[in-house]
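Going in written order, the chains are labelled A, B, C, D, E and F, and every chain counts its residues from 1.
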Amino acid sequence: MDGEGGVIKKFLYVNRKAPYGTIYALESLEVVLIGAAFEQDVSLVFIDDGVYQLKKGQQTTVDSGIGVKDFSKTYRALEGYDVEKLYVDKKSMEMRGLSTSDLNVDVEVLDDAQMADLMAQQDIILSF
Amino acid sequence: MDGEGGVIKKFLYVNRKAPYGTIYALESLEVVLIGAAFEQDVSLVFIDDGVYQLKKGQQTTVDSGIGVKDFSKTYRALEGYDVEKLYVDKKSMEMRGLSTSDLNVDVEVLDDAQMADLMAQQDIILSF
Amino acid sequence: MKFSIMVNEGPYQHQSSDSAYQFTKAALEKGHEIFRVFFYHDGVNNATCLTVPPQDDRHVVNRWSELSKKYNLDLVVCIAAAQRRGILDDNEAKRQGKNASNIAEGFRISGLGQLIEAGIQADRLVVFGD
Amino acid sequence: MKFSIMVNEGPYQHQSSDSAYQFTKAALEKGHEIFRVFFYHDGVNNATCLTVPPQDDRHVVNRWSELSKKYNLDLVVCIAAAQRRGILDDNEAKRQGKNASNIAEGFRISGLGQLIEAGIQADRLVVFGD
Amino acid sequence: MLHTVNKSPFEKNSLESCLRLSKEGCAVLLFEDAVYGALKGTQLEATVVEALKSKKMYVLLPDIEARGMRAEDVISGVQTVDYAGFVDLVAEKATVQAWL
Amino acid sequence: MLHTVNKSPFEKNSLESCLRLSKEGCAVLLFEDAVYGALKGTQLEATVVEALKSKKMYVLLPDIEARGMRAEDVISGVQTVDYAGFVDLVAEKATVQAWL
């Protein structure tokens, strides 16, 4: 599926919202999975409450808890789709008292300047 | 339309959102207008960005500006429906550099304690 | 005790309808009465019969319909909000010259007066929204 | 220049669809090309043909349909998001065993790949949402 | 009186306004994305600890657990409730105000 | 690079995060409810005045006027644009990022 004339663009997915309270986290992930087939240069960043999407130990099912499916394990499947560049915002983590060991997946922590640089290098930015 | 066994309850409408960015301000007003026929004891409060709903000089039509109808004049019609108790939150006004002369309608400005008291006296609180 | 419930957001996009459902179900299971559930703003989108969520996900609309059936719940959709957003029953569809209606089982369309009445008749009104 | 547009919220509840429409119209009037408008999340609700807004208000859905007709705009509704929220074309309705469809003129339902393609093919992607 | 807050206090000002405009002795329930405000070790912890001096604070446990936290991660003094407990709170208090 | 912000900075943290994570020399457009951030005399004025030192700030005039304000109420240095100007900004910059 790179039949788009061989163009490879830098795609950035920006996730700034908490899971479950709204659907954006889940439907963002659905785009990432479909998008993986297009063999673009994909990065995901998690900023503000978006970092909570990656929190370990999420626990809910359609028949228990809040009655909504837990989709957090899908983040761990991203590697299998060659989606490996995941970044979290340092300040967002600190404000929430989170460290990378609280998260489901391996991420790189970026400070303000590094995050701004990363964003400025992109071709297409999808915001959720 | 007081055929509800003559019950008169204190109804409070809490408006905390700016106009136009979302529909809550307009649809809140639609409830107030319909509700007026029920002859209840009605108050409206405007807190946070809700105070912007009452800003003078709003200017947009379906065919100009943002392409959305200006509904701000309806607040001036509330008096005709015997909806006369309109309150704004002092701190919200101050943060936004607004004074009562910037507003479309007569309102009473309440400080934190007065607003908390008013809310605590209600029977039914509709939040928008 | 008698509760009324107001739901201001549609299915899936926000958790509001899920929370309202869980609250309503818990209240009924504790023996409370639900006078009415009123769907306003995008909340009217909870009443469409056309949703087809993924099989491993909850079915928000059917959940409400089933709860309504089990407890004889009054699920009321605001007509003005519904017209803006494209939720119609057969009568409304005919009146508006539309060739389809999409209201789900257990829901009925009515005016905003039903919300005020819900506030007057119930002991508590609980609002779920964004 | 070639733009793609993404709309993440439904009509009326948020200004997003209005802003996206005004932006798209202005871009077209300036001679730019719109490769595609992609409706995602509650944005799919912009594609229902069943809305009946008040006569003195704008008709968000028809505005998109008319712009599409005038400029041959490609308005694509995400199928997964549409199924969750009850937006169906005739084919989907048949396939899902529903007795009504509700897609408005000028819109078509397709997969998320169309969004990625919109990003690849266009010079800019502009996102409107909540 | 019961106040309910459902938005993340890191993202929106709902909890802040609720705490400012509610009276001593009232109850505040955090649910949906607002549960992040009930957690130990965040930058908002001090705000909630301060509120506990004059108000009763509750948090909906199913929303905490869905988001990967447990009852033991909740600030001490904030009481956890389930949906039945949410119903009880509404029944106990004369009015409920949602800070949407 | 163009950053767009559409939420009120009094209610949500979008503008704050946008200003923190954008680079010197970039452009920031405020529209929809974010236009309140572009006004003189509010508690946020200092934040925007500070941002103007390193970034170009724009505001969508139709959104300002709809909400009862005029071009002269806008902080000096923040440029007003209409929808055509919004289109021009997107065309001029290599990428656009929406701070939803």
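As a working rule, a residue touches a chain if its C-beta (ideal position, glycine included) is under 8 Å from a C-beta of that chain, and two chains touch if they have at least 3 such contacts.
Note that the structure is predicted; figures quoted are calculated from it, not measured.
Using the contact threshold fixed earlier, the set of chains in contact with both chain C and chain D is A, B.
Two chain pairs, A-E and A-D, are compared here, and A-E has more C-beta pairs in contact (counted per touch definition above). Measuring from the averaged C-alpha position of chain B to that of chain F gives a distance of 27 Å.
The centroid of the Cα atoms in chain C and the matching centroid in chain E are 26 Å apart. Per-chain CA centroids place chain A at a distance of 33 Å from chain C.
Along chain D, residues 8, 12-13, 15, 19, 22, 41, 57, 80, 125, 127, 129 each make contact with two or more other chains.
Contact of a single residue of chain F with at least two other chains is seen at positions 6-7, 10-11, 13, 32-33, 62, 95-96, 98, 100. Among the residues of chain A, those touching two or more other chains are numbered 20-24, 48, 66, 68, 123-125, 127-128. Of all possible chain pairs, those that touch are A-C, A-D, A-E, A-F, B-C, B-D, B-E, B-F, C-D, C-E, D-F, E-F.
By the touch criterion stated above, chain B contacts chain E in their complex at residues 14, 16, 24, 47-48, 89, 91, 112, 115-117, 119-120, 122-125, 127-128. Residues 17-22, 48-49, 52, 55-60, 65-66, 68, 70, 72, 94-97 of chain A are the ones touching chain E in the complex. Across the complex, chain E is touched by residues 1, 3, 8, 15-16, 19, 22-23, 25-27, 29-30, 32, 124-130 of chain C. Contacts from chain F toward chain E in the complex involve residues 10-13. In the complex of the two chains, the chain A residues touching chain C come out as 20-23, 62, 66-69.
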